[in-house]
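Chain lettering (A, B and C) follows the sequence in which the chains are written, and residue indices restart at 1 in each chain.
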């Protein structure tokens, strides 16, 4: 396999000298996924924690979501132990009632309400089956910064969604998603291959070179390629005929993965000269997955994931089976990354050694560093 | 509701600027409840921890309680794993035997006993169904400072007693007991009312104004009032006829609650001109509760409580039911206060906002501050 | 009992002023027991932790054990989640494969291997049923420093072996083994005696004076004595006739106990003038136990132990019973020492009071201090 000079340098210099971000502050001026919309049925209140900040969500009379700081200004009881009353949320310790802007609107036994009786209110948006929250300065909470996940709104797909809680820093999960070379090794069983066997290794190329060929995006990284039929993902429904496979995985700040694998008739790759297929190419079928990584605390992370085979491509039973395979791979990631976090915390101060496949995660970290640098402490509210 | 000028100021200044005492040192020169006397049956040894100090208690041959530091001077094995031998307590690791004053009285295989082989001995008193311990300077351990809880000795009552262990600083439980306005909200279900409904709110006045009308005592605070029949506590036995209700709640350092609610014939309140009823007034029945809060460690607290309906006022079955209601309210407090502690610890350095009902807890904190200030470090032993 | 002047001084000065070693660094240039050989069946990998260092062990194709740092140099995934491939160990996160010297020998998707892709390799030896590891400077890993435990290789014994995990610093377990006076008290039930009763106390002498009569060895301490038949250990098989009993217990750095109790015909003690019996004396039977204490982390310790009655001395059923008694005493030690550790950690900075029996543990600590002092930080690798 070719080893371009600039990658070599990465290996010996930039990668090998990289400090781990598992103790860096979190970006605040960004939209985080706080949950699948389906987690917020009824009026609530719902208790969540994002980047170490306890948040209570509830639905107003008209169904719209409200997000407040989950801490009564009076005696710091959690408002998530409170009660939704119309558009308001009442603390059920001493009865302080809050409006959607976080200001106290009523207190038992006291007419005059001190201005200090207020909590933070956060911008919150329901979009693409996800609920998004902005914990930074609300003045710059631009909803156009929410990634376009319209693919989650395609009603001709059969959607599966779930989440896992990690005992690990979210950047380790980002690393995992920014370098898919691990699929060939960690998930070899799910893929039905055995790493280290000659027959298997030739098939692993697109995976193991994935991270090394990452390209920068404005707010993330992209890995895309035409791959031969030998690399057909076992997540592609059987009904989809053989052909040329196009895969694209975007990984966007702060931790959103958009992965699509499409099948085209043999010869399409050549016709496209290795470039991405245009809309004029006839697609034979596809599989997609949207995933999101949300830091809960420095060592706790929520991992949201989905799978969306097209109804036309697979019966429910086959689709259910694909979802099971996906859940197994996520269990493998969970075990490995939590173990990795433990080793990291037991050895503070050491440095990791770099490999070529780290290119993707290095590029992504640079994106996160820029976003963090752009946040002056004053701009953070 | 009236808002006197001085309370307003409290709201905006004193209360709002109040630093939390959850990280302050504990008062040592004071009697703490170490348990209900009934917890110390047999000779022991019994292991307890009070203000972070492990204590072992045992009964001498004559039944009198002894309290020693729970740490053998030799190799620091806990003496609570030891054995009572007559008036002495033997460490069961290497056999060092201690007398009631904490001095070693015998060692296996060694005639000469070094003076350093001794542990602290604490004044301990059994009174009013409680066992009290003094962890500070024994030279100033004045038993007249034990609050008069003679009401616990009245043998015409049917006593119920219990305890709960909190994962919270004891001052948060003190706050809870020094401002009973929370009863209207947190315990609305136990009271059969719904806060926020017009019908209910008129009944809540005496509760919600409770903390705001607290009066200072020498070593605590008092809230007392004549309240209308609408405020009849559901803890008052049914057999007690309607009338004017007199309630008094004293909350005494370091954390003893003495609460009594009495029924008098209609017109007694007016006859007394709002002042406390004298012994010449005929009482129709009552209900009482004595409670005590003992810090175990900065984030662990033992909460002791009792209920004492008079045998004449209620059959055993009804009394049992009242006790069940009380246990339910204590479970509500436990959940709320532990959650509150967690929020406080997750947000160090912030300040709480004050309300008028905080007056009681502010007064009580001032008492505790004075007691702490009066303890020169040298006076602490 | 006699109290020689020098022991008195120990009691009042050296012992009483002794600082606890529970926060001292661990000696690294020494052989630690990492497990019973029987724990490492198959090729592995096996995950262990010794003096806070995670280690992965595996068996090469020829069965020889290899020990590597349990942390992939690339992204710090634990290699113990990896896979043994012939003589090599592959990390199953991204596929980095290591040789027995800890150098990367293969990487997927990358021909050039950076020198930084390596992990530490530790000297490891299988000897006397134990696996020994050297975590310090490998250049001075002299296998002749492994204690001679040839007694564990005697095939005419029926061996029992086990291990316990302690939540305590390993020096507290060393203290326990360096002063066997605790047997008379902590294990009185297992011994069928009651400490404090006149009849029993006369029998306890050899135990309680054990620590006080310890003699220094080059790398440990020794307690040996002829004891009267009243002190016959209940671990001696019944078939062994009465006689003069010779006991010797060596406790060797970093924590290896070699204990043997032998029976000789009446009169042998006198014939030997109190000195150890020579090979010309006819032995009637014996019992032995080898034990080892290995620090896992500052508050975690692995305790390995064995019992080896001779096949000729006891049927299997009786032997099984002796082993059960031993397990009961170890449960008593575990409870006491873990409680002791908790008390120590709750009272940082205090000093323990000394007794005469501490002589053994003081001598042993001096050995450990010398070994630690001999390790210049530079010599540690």
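Methods note: contacts are C-beta pairs under 8 Å (C-beta built on N, C-alpha and C of every residue); 3 or more make two chains touch, one makes a residue touch a chain.
Bear in mind that the values here come from a model prediction, so they are computed numbers and not experimental data.
Annotation: the subunit A:subunit C pair of sequence copies touches via predominantly different residues, less than half of the used numbers being shared. Here the C-alpha atoms of subunit B line up with those of subunit C after a rotation of 120°, rounded in steps of 5.
Work out the mean CA point of subunit A and of subunit C, and you get 49 Å between them.
Contact of a single residue of subunit B with at least two other chains is seen at no position. On the side of subunit B, the complex with subunit A involves touching residues 1, 3, 8, 11-12, 16, 175, 179, 181-182, 184-186, 195-196, 201, 204-205, 208-209, 212, 335-336, 339-340, 342-344, 346-347, 352-357.
The part of subunit B that touches subunit C in the complex is made up of residues 52, 54, 70-71, 73-78, 81, 85, 90-97, 107-112, 114, 116-118.
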